[in-house]
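Both complexes shown next keep chain A, but they swap its partner, so chain B is in the first and chain C is in the second.
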Partner chain A sequence: MATTSSTSTKPPAGPVKRRGGIRGREGMAGWLFVTPVVVILGLFLLLPIIVAIWVSISDWGGKGSPLGANFVGADNYEALLTKPGLSQQNLATSLRNNLYYVILVVPIQTVLALVLASILNGRRLKGKGFFRTAFYFPSVTSSVAIVTVFLFMFTGTGVVNHILGWFGIHGPNWFNDPRGVLRLILSALHIIDQDSPPGWLVNNHFLGMSWYDWLSGPSVAMCALIILAVWTTGGTFMLMFLAALQDVPDDVLEAARVDGATRWQTFRSVTLPALRPTLFLVITLGLIGTWQVFDQIYLTGGGGPAKTTLTPAFLSYQAAFSDFKWGQGAAISFILFAIIIALTIIQRLVMRERKKLPRRRRFGTVPPVGTGSETVAAATAGGSR
Partner chain B sequence: MSSATATPPRAPLAPLATERETHTGRRIVKHTIAYLVLIVFALIYIYPFLIEIATSFKSGADATANPLSLVPSKWTTEESFDKLGDVDFSRWFTNSVVVAIFVTLGRLFFDSLAGYALARLHFVGRRALGGAIIAVMAVPGVVLLIPKYLVLVQLHMFDTYFGMIVPLMADAAGVFIMRQFFISIPVEVEEAARIDGAGTFRTFWSVVLPMARPAVITLTILSFQGSWNEFSYFLVARGSPQLNTLTTGVASLLSGQLGAGNQFPLKLAAALLMTIPTAVVFFVFQRYFIRGASAGSVKG
Partner chain C sequence: MSSQRTIRIALAAVTGVALLVSAACGSSGGTGSSGSGSASQSSPSSAGGQSGSSSGSASASGSGSASASGSGSASASGSGSASASGSGSASTSGSSGTSWTAPANMPKANLTILFGSSGDAETNALKAATADWAKKTGSTVQVTPASNLDQQLAQGFSSNTPPDLFYMDPSKLGTYAKAGNLWSYGDKLPNKSDFYPALVQSFTYQGQLYCAPKDQSTLALWINTDDWSKAGLTDSDIPTNWDQLDAVAKKLSTDGRVGLSLSPTRDRVDAFFVQNGGYLVNDDGTKATVNSDQNVQALTYVKKLLTDGAMKWSSDLNTGWGGEAFGTNKAAMTIEGPWMFGALSSDYPNIKYKIVPLPAGPTGTKGTLVFTNCWAISAASKNHDQALNLVEYLTQPSVEMQFAKAFGVIPSVQSAQADYLKEFPDNKVFVDGIAYAKGVVSAAGVTEVLSDFDSQLGTLSSGDPKSILDSVQTNLAAALSGS
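This part shows the complex of A and B:
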C-alpha cells in the first residue's frame, strides 16, 4: 500500500528523470514484494535446516533451547550407521522396507500410468473425460481419507479378501501380516527352508542386519501400502503421460503407419522415444516421492507389524517425538535428505544433458524439453507443500 | 498444425476391400479390449469411494458382514454421522476451513507478489533469489518435520493457529507458477499503465493480476487442496486436540483413541465428509487441477 501512494504521487516529478526514477523505485518495490515470501521461507524452511544440522551433531535432549546443548560430533550418525545396536538395526530395517517399496511402486505405477494414458489417447475413444477424472481423483483427495478406506478394505474379512475368495484364494490379514513376501515365494518354491535358512545368509551382516533379513522382501502389510501408493499416484503420472502423448506429432505416426509399421512397432520406435523426457521425469519424481513416504506409515500403525512398514521418514519422527532422541531423529532426516538430494541431482544432471544433446530424433517436430510445467514438476520433486 | 492435416486422411490408407474388413474387425476387437481395461480400472478406482459412501450408512455389524455391498441392509446413520458429535468433528471441520482460507489467501497474495517481482521488477539479487527459490523447492517436506517443530517452539508459535497458518502462507512452487505466468504476459500492457502514472503496486494489483486469472485460479485450487489435505505439518505444529484439523482429527480416530469395536462406519463417514469439499472443488475446476497437476507435488 505504501508503494502505491508514494509512487503514484511521484509522476509530476517529471518526464525528465522518469526512467532512472522508475528503476530506482523498482529496486525498492522488488524487495518489498518478495519480503513476505523471503521471511516466511527463511524462518520456516532455511532456519529449520540450520537448527536441524546443529541438533544432529549435538546431544540435545528435548528440554530448553537446543543452543544450550553440547557438541557431540558425529556420535548420532555413528550410532545409526556404524555402531551395532537398536538404532542401527532400526535404520537398516527402515531402509530395507523403503527400498522394497521403491523398487515395487516406481515401476508398477509408471507402467500403469503409461498403459492407461496410451489407451486414453486413442482418438475414437468415448468417455475419455470420465476415465481421466476417475483415475486422477484419488491424487487430489487427502491421504488420511484414502488410508481410512484402505484400512477398511484390507481387513482380514474385508473387501479385498472377499473378492479374492471368489477365486478360491484365502487372503491374508493384510495390515497385520509381517511375513516377507520374497521369503514366502522362495520357501514355496522349496529354494529356502524358513525353519533353517542357509548359514551364509544368516551369518553375513550389512548395517547390523543379516543378509537373510535384507532379502526378506516386502512384508504382506507393506504390499498393501504398495498397492495404495500405486493406486493413489498412478493418476497424476497418467496425466503427465497423456499431455506428452498429445504432443507426439500425428504426421509422424501416420508416416510410420504408411511405412507399414505395426501398432507395437510404432509405439516402440516413435511414441516411446518421444516420451522419453516424460518417462524420465515420472520415474525420478516417483523415486523421490516414494523415499518420503510418511503419512501412510503413521496412519497404518506407525511401522508395524514387527517394524516391517517402518520407513526412514517415519523412523526419524518416531526417534524424535516418541523416543526423544532428537539428535538421532535429525540425523536420520539428513541421511534421508542425502538420498533424496542425490536422486534430485541425478535427475537434474540428466535433464540438463538432454537439453544440451543435439536433437537426434529422425522426425522433425520435437516436443520442447523442459517446458514450464516440467521444470516446476522437476523442481517441486521435493514436495515441500 | 500437423493434427489438422493429419486427422482426416486415415481411410485412404487401406487399399483393398478385404484388408479393410480385417482391419475394421481387428479394430473392433482392440476397441473392446481397450474399453474392458478402462472399465476394470475405473471400477478399481471408483468402487472404493462408493464403498466409503455406502459404509457411512451401515451399522458396524453390517459393514463387517457385507463389506462389498453398496446397499446397506438397513439404512442408518446411528453408528456413523450421529456419532461425529462425540468426537468434536465440527471443530475439526471449522479448523480446517479457517486454516485453508487463510493459507490460500496468504499464498495468493504473497506468491503472486513475489512471482511478479521475480518476473518483472529489476532489483539487486533477483537472479540469486530466483535460484534460491527453485533450490528450496527441492527440499523434501518430510525431512523438515523435526526442525520445523523446533523453530515453532523457539518462536513460541507451537500449538497456535498462528503457527499452523503463517509458515504455510508462502510456498516456493506457487511463486514459481506465478512467475512463469507473469513472464508470459506482454510487457507493453504494464508500460502503458506506468506511463499513465500508476505505481508499481498499482500496476501489479489492478492491471497485471487481473490478467493472470488462470494462474490465480490454479494457485487458489492448489493452495486450498494442499492446506486442506495437509497432515504431517499439523502433526508437529500442534499438540492440543482443540487445534485438530480434519486430517489430524480423523487420524486420531484411526489410531483408535476411542470406544470399542472397529468403528468403521464412523471413520468412513468422517473420511467421506472430509473428501466432499475437495471433490466439489475438483469437479468444478477440473481443468485447472489438470493444468496444475505437474506443478503440484507428488504424494509419497
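This part shows the complex of A and C:
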C-alpha cells in the first residue's frame, strides 16, 4: 500500500540521469510531490512498526524512550511460545478462544450477509430502503453502545433468558458462564465424561495447554459475543454483497433462465462465481476483524469468566499496560500479525481462480465485481472490525 | 415470497426485543456497572478486571460514612451504643502528632497529582487540602482525576513526564519499582513510625518503604438484620468461627436468597487463608506459600460453602460485586469493607445491617485483609522535595481526618485513630481489623498471577482446591523469583 504508491511514482527519477536536459527537473518535482506522503507514512506507519518490532525484542519496562532498552533476543517470544509459565498459558488460552470465535463468526456472518443481500436484491421486495437501513444499522452504531445493551440482554435475568423461558428453556447466566460449549455437547452425547476426561486428552499438551482444554469449545460467554459479532458485522458485509449482486449483468442471468436453469442452479453457477472477488474480500476482512477483536472484550470485563473470552489483542494490551511487560505485549501483537497473514495466504490459495473449469465459462465471462485485492488493501489500511 | 414474510416477522421480533431491552435497562441493576472503573480509595481493586466493579464502589456520596453512622442501624459489635457520634468533635486539628511544619526556604514548584477519584467528594477534598498547602508554601498544585490511572501513568512514564504524585495500589508497587518509576522516600518520612505496620508492609519492596500509605480499609462481615431476625437468629448467633458461619449461612438461605455472597476474587477469599494461619506469601513476602496445607484447607472450606448452597459468588447472582448482592437482598451476608457505607446509603438506603468482625478459623486465629493506596512520587519528578513535603502535609492526622469526613476513608496514621473512633464509632470493627490483617502481595509481576487466581476461583465449585492452589503457587513463585 504505502510502498507501492511511493515506488510507482519513482520511475521518472530513473530516466533523469540518462536524459538530463529539459526533463531534468521532473524527477525533483516528482520527489517533491511525493515527500509529504512519504514523510507522513514513514512517521505514522513505518516508524511505529519498527519501534514495535524493537520493543518486542527488548526488555523495555515502559520508562523513557524504548530506544535505550537492552536487546534480549527472542526472550519475549520464548516466554510466550516455548517456556512453560503463565505467559504461555495466557497466550494459548487466548488463541483457543479466538480460534473458536473466528471459526464460528466468519462463516456465519458471511452466509448471513449473503442471504440478506440476496433477499434484498429480489426484484419484487417492497420497502427495500427500509430493510437495507435496518440491516445495516448495527454496523453504524457504536460498538460500546451495542455491547452495553447486550450485557443487559444477556444477564441471567435478562431479556434473552426471559424469552427462552417462554419455551421452557432455563437460559444460562451468559456472560458469567465459563463452560465450554463443545465440551458440553460432547458430554451430553456421552462421548466424553466431564468428571473423568480421557487420559490421552488431558496428558497431551500443546503450547502448555492440554488437548482437553483446547477442545473445550467457545464458552457460553463467548457464544454471546459471537452472536453480537455476527449481528453487528453482518450488515456491513451484506452491503458489499448487495453492491456486487447489483453488478451481476441481467442478460447473463436471463440467458441462464432461458437455458432452463433453476433458481438454485443460477445462483450456484452464475451468481456465486460472479461474487468470488467480493467473497474473498468479505472473508479476508472477516478474518482480520475477528482475529483482532478487542472492544467487546474490553467492555465485557477483560477476558472473564475464567479467561474464556480473553483474546490475543486484549492480552497484548493487558500485558503492556497493566502488567508492564511491554516486550511481551508487542510480541503478542506480532504473533497475531503472523497468524492473520498466514491465514490470509492460505485463504488466497484455496479461493484462487481455477483455470481448468471451462464449463463455468459457458455463459460467457462474467466481469469481476469490485476490485478484490485493492479493496482489501485499502480496507485493511483503514482498519476494520 | 415466503422469505419476505420471514424477514418481516424477524423484524417485528427485533423491534419487540428492542422495546424489552429499553424496559430492562431501566429496571434491572444490570451487571454491576456501579463502579467507575478507576480504583479509588483503599479499595481492593482486582486489577485483573475480572470483578473490577467491586472496587469502584467505594463511591463518593460525600457524607457516606457519616450518614450511615447516623442511621443507627450499623452498630459494630462491642462498640456499644452509637450515641457518641453526636458530639461535634470538629476540632481535630492540633490534637496530636502534627509532624508538618511549613518549610523555611523551600523553592516554589508546580506539582501535579494524578489520582483515581471515587467521585466529586474526593476530588474536592483533595483540591481543598492541596490548596491549603499551596497557600502555605507558595507552590501550586494541579489535581487531576484520572479516567484510567494505569494507562495514563504508563504514558507518563514512557514520555518521561509522569505526574509528580499519584495514587498507587500495592499490587503495582513491585512492577513500578522494578521499572525504576518510583522515588523511594519512605525513610525520609518523619512520621514513618506513625503508619500502621500492616500498611507499611504493603508498600515495602525489597526492604524499602517506597511511599506513604494514604488511608486504609479492612474487610468485615455485613449482616442484613431483617433477614437475620426473620430466620430466627439473635445476637448470640453471630458467627465467630467457620462452623458457625456455615450454619447461619445455611439457615439464611431461604426465599430464593443465599446466606452469604462474595465477589469471586482473592481479595475476599484470601481472608480465609489468613484465618487458617496461612497466606499467599511468607511473612517477609519473599516466598510463595500458596499451596500450603492451611490454604488448601481454607479453600476446601470455601468450596464446601459453595457446594452446600450456603454461599454463592456475586457473579452467579447476576450482580457485579458482593455489595450489590447484599444491597439487592439476594444475599443476607457479604464480606466487604467500609466503602459499603457509601454504596448502601446512596443505592440501597432501605437495607438494615450490622457489621461484625470476620469469623475466626478453626484454631481461633482472626484474620482479614487490608487494602490501601499510597502517595507515590515519580522518580522522574523534578520536585522531589516539594512533593515529599506535600505528602507530609497530607498524612497529618488532621488532614487525614478531613478526608475521612469528606469521603469516608479510614486514616492511615495511628495518631488519628482516637479522633477517628470518636467521630465514627461504628467503624471500630474496621479499625480493629488492621491489627490482624494481611496486606496485598506487592512483588513485581504478581498482578497477572493474582488475576489468574481470580479467574480460577470463579470455577471453584467444580474445581479442585489443591490443583488451583498448585497452579497459582507455580506462577507466584516464578513471579517472586523475578523471571
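Operating definition for what follows: the second predicted complex is superposed on the first by the 308 of 385 C-alpha atoms of A that agree within 3 Å, B and C clash if a C-alpha of one lies under 4 Å from a C-alpha of the other, contacts with A are read in each partner's own complex, and residues count from 1 in each chain.
Here, a residue touches a chain if its C-beta (ideal position, glycine included) is under 8 Å from a C-beta of that chain, and two chains touch if they have at least 3 such contacts.
None of these values were measured; they are calculated from a predicted model.
By the touch criterion defined above, A:F131 reaches both chain B and chain C. In the superposition on chain A, no contact is made by A:N203 with either chain B or chain C. Contact with chain B, but none with chain C, is seen for A:Q296 once the two complexes are overlaid on the shared chain. Contacts of A:S322 after superposition: chain C is touched, whereas chain B is not reached. Comparing chain B with chain C, more residues of chain A are touched by B. Once chain A of one complex is fitted onto chain A of the other, the partner contacts of A:L285 are limited to chain B, with no touch recorded for chain C. Residue contacts after overlaying the shared chain place A:G122 against chain B and chain C alike. After overlaying the two complexes on the shared chain, residue contacts for A:G158 are found with chain B and with chain C alike. Applying the stated contact rule after C-alpha superposition, one finds that A:A229 touches chain B and leaves chain C untouched. In the superposition on chain A, no contact is made by A:T262 with either chain B or chain C.
In the superposition on chain A, the residues of chain A contacted by chain B and by chain C overlap at 65-66, 119, 122, 124-125, 131, 134, 149, 151-153, 155, 157-159, 162-163, 301, 320-321. The residues of chain C lying in touch with chain A in their complex are 1, 3-4, 7, 11, 14, 17, 20-21, 24-25, 28, 30-31, 47-52, 150-151, 154, 157-158, 160, 175-176, 178-181, 315-318, 380, 445, 447-449, 452, 455-456, 458-459, 475, 478-479, 483. Here chain A touches chain C in the complex through residues 61-66, 85-86, 89-90, 119, 122, 124-125, 131, 134, 149, 151-153, 155-159, 162-163, 173, 175-176, 178, 301-307, 318-325, going by the rule given at the top.
Note for the complex: chain B touches chain A at residues 2-3, 5-7, 9, 13, 31, 34-35, 37-38, 41-42, 44-46, 48-49, 51-52, 55, 63-64, 67-68, 109-111, 113-114, 116-118, 121-126, 129, 133-134, 136-151, 154-155, 166-167, 169-173, 175-177, 180, 194, 197-202, 204-205, 225-226, 228-233, 235-236, 246-247, 250-251, 254-255, 262, 264, 267-268, 270-272, 274-275, 278-279, 282-283, 286, 289-291, 293-300.
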